[in-house]
Amino acid sequence: MINVLFFASLREQLGSEKLELSSDGITDVQSLLSALTKLHPNYNNAFNQSILVAVNQEMSTREQTLKPGDEVAFFPPVTGG
Amino acid sequence: MLSTQEKLRYSRQIMLNKVGEQGQLKLRNATVLIVGMGGLGNPVALYLAAAGVGKLLIADGDEVDITNLQRQVLFSQQDVKLNKADTASEKLQLNNPDVDIEVIDEMLDEELADYYIPNVDLVIDCTDNIAARYLLNKACLQHKKPLILGAATGFDGQQMVIDPNNQESACYQCVFPSAENAPVNNCQTIGILGPILAVIGGVQATEALKILMGLPVKTNRLALYDGLNQQWQYFNVKKQTSCTACGHSK
Amino acid sequence: MLSTQEKLRYSRQIMLNKVGEQGQLKLRNATVLIVGMGGLGNPVALYLAAAGVGKLLIADGDEVDITNLQRQVLFSQQDVKLNKADTASEKLQLNNPDVDIEVIDEMLDEELADYYIPNVDLVIDCTDNIAARYLLNKACLQHKKPLILGAATGFDGQQMVIDPNNQESACYQCVFPSAENAPVNNCQTIGILGPILAVIGGVQATEALKILMGLPVKTNRLALYDGLNQQWQYFNVKKQTSCTACGHSK
Amino acid sequence: MINVLFFASLREQLGSEKLELSSDGITDVQSLLSALTKLHPNYNNAFNQSILVAVNQEMSTREQTLKPGDEVAFFPPVTGG
C-alpha cells in the first residue's frame, strides 16, 4: 500500500485528507498521480497545478521512485505575502 | 554597553538566558533588510523594531490600498495611496525611536539587492510573488546572507530558513525548481485570512532574532501551516546538486 | 447586506470559499470579548479589528509600562502610564472606524465577567496569570461561550479551544487541575521573546474568526509551540469527569 | 523501554530532548519521575515545579500507569501573555 496525504488548500480542494492505494503498478510519484487521477477524475485539475510532493517527510519530485509502505504527501506551493 | 534606559526597555528579553545583555547588544548592532511591507512585512517589522534591532531597511514600492487594510495592520484608511515603506517607517519610528529605519520606496530589483544586501546581517523575504523570491534567493546566495522565507495565502502558510554560509543548506530553488508552472497565487488573486500572516510573520521574526543573537535555527526544512486544520507539518529538504541556483550546475 | 465599501475593504477574505459575503456578515454581527490587552491581546485585537468583527470588548486594568514596549506593538513611549485598553481602543479605532470598540478599563473579576460574557459570541483569553484563566474558564462554562486560550513566556507558547456547548469538550481545569503548585511564571518574572506572541495571538485570532464564521475548530487538544526549536507539538485532552470545573463532581 | 521526551523550556532546562529508560520497576508516571531523578539528581528541581505530562500524546497525570513502549512527554505549563 501507498499512504497518500493531502495538506492545506489541496486537502480542501480535493475534499480528502488521506487515502490508501494499492502499490501495484506504482513505481514513482508520477505513476501514483496517474493512478489517483484514474480513480478520481476530478483530481485532474488539482494535479495540473504546480504542486509539491514529499515522500516520507522529505521533499521530492515526480521522478521519485516509490515502494510499498511509503507515505506520499501533496500540498500546494504558497508564494503570497 | 547598554544604557540604563535600554536595560529597562528590553528587560523582558534580556532576562532570558538565551538573550542576556550580550544578545541585546547583538540586536542593537544588527542590520536587517525586510523586503515587502505588506501582510508579512507588517508584523515582522513591528516585532523587530520593538525588540530593538539597530537598523531596519524596509523595501516596498507599493502604495497602501483599501483592500490591504483587512490584514496590513500598520496601515489605516488615511494612509491609502501613500507608499507602504514610507508609511510603515513613520509608525515604526514612533513605536521605537531607538531604531534606525531606512526606507527603500521601490521594488527591490537585482541592482538594489546587490547594493543593499552586502551591508546587512540577514534578509527577510516578505514578498508576494515567486519572481521576487527567486531574485532574493539568488542575491542572498551570492552575498552569503541568511534568508528567512515566509509565504501565506488563504488559510495556509509556509516558512523556511536558508543559510548560504552552510554548504549543505538547501535554497529556495531546491524546493521550487521550476519557474515554468510557477503559481500566480497571491493574496490579490486567491485571498487570505489576515491572522495567518501574524503567525507566519511571527515565526519569521523569531527566527530573525535567533540568527542575529547567534542561536541555532533549522535549515533544510520546509514548514507548512494549515490554519483551517490548525496544524503544522514539517518536511526535510536536501540541497539539490542539480539546483540551478545553489548546486554544482549553477 | 454588505455595503460596496465593505465588499471592497474585506474583499481579500470575502473571496475565500470558506468566508464569502455570508462569513463577512457573520463577522460584522459578532461581539468578541478580549481579556487582557498586553502581549497577546495586542495582535489579537489588531487582526480582529482589521477583519471587521462588529464589536470588540477589550478589558485591561493595567497601565502601559516601558518594559511592555519590547513586545506590545500597539503602544509607544508616549503611552506609558495610560490605561492599556483605552490606548489600544484609540489606535484600533483609527485602523478600522467600522468596528465598535467598548473599553473595560479594569481587571475582569467575576462580577464583570458575569455582566459582559452573556452578551458576547466568544471570549479570548489573553491574560497573564492562572487565576484569571481559571476565572474566565469558569465563567465561559457557565454562560456556554467558546473560550480561546493562549499563553506565552520565554520562547514557548500554548493554545487550546474550549467549547462549553460541546458536552465532550475538555476545559482549562481538565489540563491544569491544581491551583496549589500553580506556576507564577509570567512575562514579568521569566521574560519573553516578543514575536512568540504574534504566533500565539495569530493562532487565537484565526480560531476566533473560524468560530464566528461557523467553521469547525479543534477542541480537546493542547497545542505547544517551542520557538527555540521552531516546532509545534499536539496533545489530546480528554474531558475529566473528576474536573472540579466541568466534570460530574463540580 | 519507556521513551521519555522533554519539550519547550524543560528541554532547555534539563539540556536533554529525549532519552530511553528501561521499563523495569516503572509502573506509572510517578515512578518514572523517581527513576529519572535517581539517574539524574539534577532533574530534581525541574520535577518539583508544576509540570505537565502526556502519555502517547494524550494529557495524563502522575498516576497514569505505564507499559513498555509508552512515550511519555514532559513540558511546563505556560500561563503568561
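We just call them A, B, C and D in the order they show up, numbering each chain from 1.
The rule we apply is simple: contacts are C-beta pairs under 8 Å (C-beta built on N, C-alpha and C of every residue); 3 or more make two chains touch, one makes a residue touch a chain.
Given the structure is predicted, the values throughout are model-derived calculations rather than measurements.
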| remark: Per the C-alpha centroid definition, the whole-Å distance linking subunit B and subunit C comes out as 26
| query | Just curious, how far off is subunit D from subunit A if you go by their C-alpha centres, in Å? | reply | 37
| Chain centre separation in whole Å, for subunit B relative to subunit A (CA means) | 30
| query | Which subunit A residues touch at least two other chains? | reply | 12
| remark: Where subunit B touches two or more other chains at once, the residues are 18, 154-155, 187, 190, 192, 197, 200, 228-229, 234
| query | How is the touch graph of the chains shaped: line, ring, star, complete or other? | reply | line
| remark: Full set of chain pairs in contact is A-B, B-C, C-D
| For the subunit B and subunit C complex, residues of the former touching the latter | 8-16, 18-19, 43, 46-47, 50-52, 66-67, 69-73, 75-77, 94-97, 154-155, 187-188, 190-203, 205-207, 209-210, 215, 217-218, 223, 227-232, 234
| note | The residues of subunit B that touch subunit A in their complex are 36, 38-41, 125-130, 133, 150-158, 174-178, 181-183, 185-187, 190, 192, 197, 200, 222, 224, 226, 228-229, 233-238
| request: Going by the contact rule at the top, pick out the subunit D residues touching subunit C in the complex. | output: 7-9, 11-12, 49-50, 52, 54, 57-59, 61, 73, 75-81
